[in-house]
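Following this line, the structures themselves.
In the two complexes that follow, subunit A is the common piece, with subunit B as its partner first and subunit C second.
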Partner chain A sequence: MQTTLPVLLTFIMGMFMIIMFFMPQLGTAESLATRWTTIIWGFAMALGIDSLLLNHFRKIRKGGTQAIHSMALIVAFFVTLIWGLYAWWRYGNPFDAQSSFLWMFRYVYLPLDATMFALLAFFIASAAYRAFRARSMESTLLLIAATIVMMGRVPLGGVIFVAFFIAFMLIVGVYFLYESTKYIGTDRWIRLIVGLFFLSTIVPLFVPSFAKAFANFIPGLADWIMQVPNIAGQRGIGLGLILGSIAFSLRVLFGIERGYLR
Partner chain B sequence: MNRIWTIIEKFGSIDRRIIYALVFLATAIPLFFNVRIPMPVSPEVKSAYEAMDKLKPGDVILISTDYGPSSAPETQPMLEALLTHAFRKDLKVLLMTHWRFEGLIMGVEGLDKIARKFNKKYGEDYIVLGYRPGVTAVMIGMAQDFRNIFATDNEGKSIESYPMYKEIAGPDGILNYKDVALIIGLEAGAIGNAWIMIVNARYGVPIIIGTTAVSAPDYFPFYQSKQLLGMLGGLKGAADYEQLLNITGFASRGMVSQLAVHALIIILIFLGNLSDIARRFRS
Partner chain C sequence: MNLFLIAQVFIIPVNQPSVQLEDGRVIIHWSKVDTSVTKYEVYRKAEGSEDVVKIGETTDTILIDTTLKPGMAYLYMVRSFGPDDSTFVDSNWSQPVALKQEKQGEEREYVLGIIAKERFPVLIFLLFFGFLFFYYYNQARMGKEIFIRRLAGLDAIDEAVGRSTEMGKPVVFVHGLTSLDDPNTISAVAILKYIAKKVAMYEIDLIVPNYDPLVLLASKEAVKEGMLEAGRPDVYKEENIMFLTTQQFGYAAGVNGILVREKPGATFFMGYFYAESLVMAETAYTVGSISIAGTTAITQLPFFIAACDYTLIGEEMYAASAYLSRNPVEIGTIKSEDVAKILIIAAIIIGSILATLAQFGIAEDLFNLYKTLWTVTGG
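Presenting the complex of A and B:
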């Protein structure tokens, strides 16, 4: 009975909502069901708070170096709760323009939240420098695409890309010319031709109209990467996700998947 | 030559504190200058602008601010630019959030700022519906009647008590998606998917999404399939919109910082790869 009743309820409500989706005429019944959902969300939040607090109380009881973090969480939780309730009683709404709770939210919580996310910029820059290496064909393609998108989506990105392109071709060209001096015969000629090829690619860029056209081409290329190869990949992932969700939902509705009962 | 290779190899081991300092300077310094560099406007932003521009005075737009302060540098300028456009065109604005109270605070701050600039009045030109938990349940409930979900506004007053409600509700006194000309979802997460899959697919309401740069690729398929009328991706999306409105807001100034940081990251990646190549050749 403990398992059968929840599974039966899940099946009935699931089928009800599916039928409602295709019969908008019965909108009132659906509207009632969605109100229940909102109420259940409220209870879920209470359960979440209970679980969070119990977990951290347990950590404090165990002690250790991490206990201080749990203590900070519990103190912050109760300070916020009591402050919010006081502001509610005092101003009728914790987020009233005069409320001290709004002050706390605006000048403590919001900067902390923003700071946490802002730190990512530093870590990403450092991680990109350390990990973004052209060691295989795939990583080189990713590197080129990322560079084009990064430069194509900022002002003057095309101009800076041209400068990087010239620097890169110049370095590679000079390297091959230098290497050619170490060889003789065909090997020398191959390196010489490759070096000259790289150097020759930058020559047209000294013609202002060509350099301008090339710089203007970069934002368009970035848009193309976002709208063609990116969409192809995203659509594949999206279809896979949705098909997986449908399969999983059916398993839950028919009582095959019962993990949520544990 | 050996000494040159040794120097190049050293490019691969720059101390992370130096990188952090460079990122900080590249971000902060451009913000002190009120500079706007024009750039080509992305087609998806142009579509969003045109969709807004086609609306007539008195049309209702519903803005959902589903983001917190962590993504506000990208999404808040979008909100301000879109509201500037809306109030320039005398549109009626409804504001709500699915993102707990952070979304509400961010939305109300942006709305108050722009409404003051255009001398718009609460209850006559805009209403803040507030926050209700439930995301999909809220969206479906609003399809019948907004009062099912938002019986009262953010101030705790009945939404029917405002003159704007009487103006925008249907002849039967019911306000639902049929009375909304456009929904704008400003998203830091996946709630935009629910707007598209439920409200656009089922009730046919046109939607524009404004989202962080990191989430933008997820929404491009919906723009291509015309389920989205337009979209604003990241700070660039907001800056493009400001450019179309001919204003210099935070996004336009922020793009100079973004340019500096992107260039810095590319230089660092370039140096790292150069050092990697040098090491491989030597070994």
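Presenting the complex of A and C:
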């Protein structure tokens, strides 16, 4: 009974939603479900707050170095609650322009929120550094694609890319020429030709019109990467997602999958 | 009346409102960018016309327009008012939205008299996929062995919990930002139950911070049940499954705090995430935790792939619960997804070839027929 009833309820509600989707003349199931969820969520929120406060009171009782964090949370919670209720009583709306609660929201909460968001920039840099290290074929491709997209999406990116390309080809070309001095016979000639090939790719870039065309090519290439291979990959994942979500829903609706139940 | 007038100063206008056509009505939605705004007025004009009509006012950030005429394209604008009613500022006009003739109430077209015509292809596709699903379900029930590829991210769960045990450190399970109405979360709860079972067997702590109070309740039950199934209900610690906040970056800060203080041996990120994903995943990396993520949020997948050791990509997240159950019948249903995918890929390849040939004037009729079939079957 502990699993049969929830499975039966899930099946009935699921079928109800499916029928309403295909027969919209019967009404909008979505708004009904949203209303019900809001009501349940309201009650669940009280349990959430109960969990939060109990947890931190417990930590304060236990003591230790971490208790100070819990004290800060409890104080912040009640200060915000009382302040908000007072502003509600005083102005009819805690977010009234005259309300000091609004001041607190604007100058304490929002900067803290924005600070957390801003940290993302540093996290992106450190994660990108790890992801872009050319340790395998895949990460090398990622590095090349990301470099082109970055160069193509920033102002003067094309110009920077020309300089970047010249420096890269110069280093690789000189490296192969240097390596050729260590070998003899065919090995030497191969390295010499490869080195000269890399160096020769730089030469046309000293012709201003060609360099300009090359610089303009990069933003177009960046757009192509974003709009063709990137979208193709996303659509592939999206296709799998849709099939996965339908199969998952069918498993849940028909009680085949009960992992989320007791 | 000049609707673009910015009266006085100090109010930040809302961005361009987003408009969504649904069941013959337009849902106009915008973001609250200035908390000092006391009310919003929403205006509408027909495309190509300068006649502006006020359609309503609200203190919320959503308004529904049900008074559209079919066949007309409309644009919407939101006016934000400051504390005194004379101070206001206007947003930009929205993208045009048009109500087609057939979508209006009684004018809507139906197939077999009851099924909305525009949703009929979805039904055809659902029936087709349903057939595949139950075919493989029956095959599995009859004992036929069904092969599905290994999912490295799920196989690594045991390894991650084992590593935590060896290090004597707790395991942290982080939910996404959606509630129980999202299949992601339901799948995440099932994975949590499996992890709880493993954790109970090894007698280590499992910490589960929650963003949503409904998910909190489900998490408590899942962990309790998992530990009970492992025969170790005594390992369950109520205080380790806690509610943090329903604020996105407050939640990220709370999770980061837990990661930095507890230095877990393994961290799981399961569910639907937004911009906070990398903030949390990168913190888990910096504290030396092995990280396994699973999400269907396409925009967050690259972040998880870059920062985590293993990532369940998209559909793998939905398959996780069936995969972990080791139940052949549940696994059998996953096979239907793979078969449907192969059929769709084949259809795309055939369509691409026919479209290319049609460009050169070859087999145009065949291509048109294929296009019609593709549309009718939900492609």
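In this section, the second predicted complex is superposed on the first by the 206 of 262 C-alpha atoms of A that agree within 3 Å, B and C clash if a C-alpha of one lies under 4 Å from a C-alpha of the other, contacts with A are read in each partner's own complex, and residues count from 1 in each chain.
Quick note on the criterion: a contact is a pair of C-beta atoms (placed from the backbone, for glycine too) under 8 Å apart; a residue touches a chain by one contact, two chains touch by 3 or more.
Computed from a predicted structure; not experimentally measured.
S.K.: Once the shared chain is lined up, is A:G157 touching subunit B (first), subunit C (second), both, or neither of them?
M.R.: Touch status of A:G157: first partner only.
S.K.: Touching A:I256 in the superposition: subunit B (first), subunit C (second), both, neither?
M.R.: Second partner only, subunit C.
S.K.: Touch check for A:N230: first (subunit B), second (subunit C), both, or neither?
M.R.: Only subunit B; A:N230 stays clear of subunit C.
S.K.: Would you sort A:A128 into first (subunit B), second (subunit C), both or neither based on which partner it touches?
M.R.: both
S.K.: Could you tell me if A:F168 is touching subunit B, subunit C, both of them or neither one (first, second, both, neither)?
M.R.: First partner only, subunit B.
S.K.: Between subunit B and subunit C, whom does A:L221 touch in the aligned arrangement: first, second, both, or neither?
M.R.: neither
S.K.: Would you check which partner chain A:L241 touches, where first means subunit B only, second means subunit C only, and both and neither mean what they say?
M.R.: second
S.K.: Looking at A:L47 after the superposition, I want to know if it touches subunit B, subunit C, both of them or none. Which is it: first, second, both, neither?
M.R.: After superposition on chain A, A:L47 lies in contact with subunit C alone.
S.K.: Output check: A:T38 vs subunit B and subunit C. Expected answer is one of first, second, both, neither. What do you get?
M.R.: first
S.K.: From the superposed pair, tell me which subunit A residues show up as contacts to subunit B and also as contacts to subunit C.
M.R.: 21, 24, 28, 37, 41, 45, 93, 95, 102, 105-106, 113, 116-117, 124, 126, 128, 130, 234, 238
S.K.: For subunit C, which residues count as touching subunit A in their complex?
M.R.: By the definition above, subunit C touches subunit A via 23, 35-36, 38, 82-83, 108, 110, 114-116, 119, 122-123, 126, 129-130, 133, 137, 179, 181, 183, 186-187, 189-190, 193-194, 210, 212-214, 216-218, 221-222, 225, 239, 241-250, 252-253, 257, 261, 275-276, 278-279, 281-283, 285, 296, 298, 301, 303, 305-307, 313-319, 321-322, 324-325, 329-330, 333-334, 336-337, 340-341, 344.
S.K.: Residues of subunit A touching subunit C in their complex?
M.R.: Subunit A residues touching subunit C: 21-25, 28, 33, 37, 40-41, 44-49, 51-52, 54-55, 58, 66, 69, 93, 95-98, 102, 105-106, 112-113, 116-117, 119-120, 123-124, 126-128, 130-131, 234, 237-241, 243-252, 256-257, 259-260, 262.
S.K.: Which residues of subunit B touch subunit A in the complex?
M.R.: So the residues of subunit B in touch with subunit A come to 1, 14, 16, 19-20, 22-24, 27, 37-40, 42-43, 68-73, 101-102, 104-105, 132-134, 136-138, 140-141, 143-145, 148-149, 154-156, 202, 213, 216-218, 220-221, 224, 233-234, 236, 255-256, 258-259, 261-266, 268-274, 276.
S.K.: Along subunit A, where are the residues that touch subunit B in the complex?
M.R.: Residue positions touching the partner: 21, 24, 27-28, 30-31, 34-35, 37-38, 41-42, 45, 92-93, 95, 102, 105-106, 109-111, 113-114, 116-117, 121-122, 124-126, 128-130, 132-135, 143, 147, 150-151, 153-157, 160, 164, 167-168, 171, 178, 216, 219-220, 223, 226-227, 230-231, 234-235, 238.
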